[in-house]
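Consider the two complexes below, in which subunit A is the common component and subunit B and subunit C are the respective partners.
The block that comes next holds the complex of A and B.
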């Protein structure tokens, strides 16, 4: 299929060994967007959550200590870079690898928080993410077996067969779990109650951008 | 450059007026006089003249950057939509980033209302994105995601609303979702004051309202362009007014849903829209 009809005119290619990256307005926008948000996270402080205390006139302030701040910021930056990688990669296996890395980092960003409800939610999301990695990689493996390539540019030139459709369905299931889209949203939403706005941005950002890129990739693979 | 500026001005003005019209119609349906139609325009301009203050608890400079980013995102939307008629997929990406900003505008201030809105934004994004993904049905029908090519396809084969009606109807649910005071607007429910906008003052609030106006115009523009084919300028304006009035009537007579119900309703619509349309295309 014609990638230009899906993502816009191809500006150029970046060959990296047998992996060929292609640059379109879509991939460029998503890549730049992920990098800009990552930069913002790197330079920002965290907010202080203020809530009225029950039974008194005092305020309850929840903030992040320096040690927690440093480890969460580090994980958030790595997650941002992994998201940027997933936006620009031209290889299906690399994409699934980035998605899995994002899932692990999302759990890591929240696991440093000392709030039981948030940790419970992170644990539940972790279970879903771990389970989802199996169909994700299986799907990529099936597509490799059926076509002999994982390069998205090459896959665009190959007529899809039933095994490719099945592999794509598995990838879709894996992505739904990893990114926490409905019906898996319930496991992930509670994670966002934690303080540390810049860090939880990257959890949301990575999920939504991954879904958007996945739509492009799945359409490229499954249409001819 | 001139084309971008003209389109931006049209989008900002039409968006604010249409939101004002929607509030007026809602008020009349509810037997209230309602605000003047230009109230939203005045309201937006007012915030640019007000003093800007920043909460002591906010995550700086993230708090400032996030409101400005929303403007930048929708200006890109204008460039990729009405100006260059680029890829729908890119507009999908812009919409995803809009949801991210909506989520973080709430959480960056430290306000508990903003925080609740942030959690609800995660809920709503998990359903709104699949709803926006209905546009893949357009691709399966036309074999292109480029807006100018979709317009050409419709000028030859007729409007897509007749060939993929289910996708058109379900995309309309997304329009309802993003309209003001809708049954799905859980991120700005009055139980959490103004949701993610609660702790944004002065120019920051102005940015958010300006961006909301453009996003409303853009969603209507996408709907009319993708499902109703090549339209003249007058047809666009008439179409936007008609859709805004219909949505206002729906919003006026429906209560806001519980977040879980809202998400499940939207995801059901997305499921029916995508898979129903594909089954209909196969049959």
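The block that comes next holds the complex of A and C.
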């Protein structure tokens, strides 16, 4: 499909060799949104979870110590930057690399908590993230084999064949696993039950933006 | 016999999710066996014919792209030639150590010496350089997480 028909007129290009980043109103909006959110979490402090204690009037406060705060903030900022990069990338393989980077960082952000349930589900999510790197990269490789190019600008002008459809299906299942969408949601939902709110939210935001962008890319590649 | 509601309920158990995911992936991969697959001949990142360079006893096989550094361009294609105008100039450069290995054996291309200093792959470092940056940052983030956990959870464990 013509890129201009789906995501609006192309404003410009950022040439990085064969990897040509292109900016459309759609991608620019999500890019700026991810950057603004990253800035907001970079300057914010973590929440303190307050739990009412049973049988008394006391409160139980779960707060985060400074060390854990620092590593989480660092990983959350990198995750935000990776998300914004994935929004404007114009290359299929580049996109899958960004998605994998986000998957690793999502595990990292929750890996420092001391709640066993959360760690258990983070482990299960890690398994899915590891498995899904296989369909992601092999899907990109199949599309490269079928069309001879990886640039989305060029793929938009190529008539798709069954091999491209299958490659896209592989990329889609990889993305579903990596971003934890509908049937595979349970692991990620459990991961959110940890103190340290603004940094946890980047996990949510990144998967939301990634899946939106992925649908755009897959539509561009698979329709003619 | 499980009711539909019980099956839906099981989706909320994180332990079952990797199994469900791998099952779904396996089904899709099995469907893939029936998809007609053939390589498009018009490839951007070209490879020589399989075994062609090896049969020629080329010691750089399978990575020989020809060319002389700074004099004759090697055979490397780019998607957008305007973005990488110096492409192919240094692909054939070999370090003195690599030259030594290349002159003494015919297995240079398949040995560890071929990567990364031995044969400069300009696809990896020039036209698709941004991918290489991202790949190494994935690795770096994995090490950051692992070393932080190792230092703070394994070595200085209080509770």
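Quick note on the criterion: the second predicted complex is superposed on the first by the 224 of 224 C-alpha atoms of A that agree within 3 Å, B and C clash if a C-alpha of one lies under 4 Å from a C-alpha of the other, contacts with A are read in each partner's own complex, and residues count from 1 in each chain.
What we mean here is this: a contact is a pair of C-beta atoms (placed from the backbone, for glycine too) under 8 Å apart; a residue touches a chain by one contact, two chains touch by 3 or more.
All figures in this text were calculated on a predicted structure; none of them were measured in a lab.
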item	value
Touching partner for A:16 - first (subunit B), second (subunit C), both, neither	second
Touching partner for A:127 - first (subunit B), second (subunit C), both, neither	second
Touched partner set for A:190, first subunit B, second subunit C, both or neither	both
First, second, both or neither for A:215, with subunit B first and subunit C second	first
On subunit A, the residue positions that both subunit B and subunit C contact, one per complex	183-185, 190
Residues of subunit A touching subunit B in the complex	4-8, 24-26, 29-30, 33, 36-37, 40-41, 43-51, 61, 180-185, 188-190, 192-193, 195, 197-198, 200-201, 204-205, 208-209, 211-212, 215-216, 219, 223
Subunit A contact footprint on subunit C (complex, rising order)	11-18, 20-22, 24-25, 28, 31-32, 35-45, 78-80, 82-84, 126-131, 134-135, 137-138, 141-142, 144-145, 148-149, 152-153, 159
Touching residues (chain side subunit A, partner subunit C) in the complex	15-20, 67-68, 71, 74-75, 78, 91, 93-94, 97-98, 100-101, 104-105, 107-108, 111-112, 114, 120-121, 124-125, 127-128, 131-132, 134-135, 142, 144-151, 154, 162-163, 165-166, 169-170, 173, 177, 183-187, 190
Residues of subunit B touching subunit A in the complex	56-63, 65-66, 69, 76, 80, 86-87, 89-90, 92-94, 96-97, 99-100, 103-104, 107-112, 115, 118-119, 121-123, 125-127, 129-130, 133, 136, 139-140, 143-146, 149, 263-264, 266-267
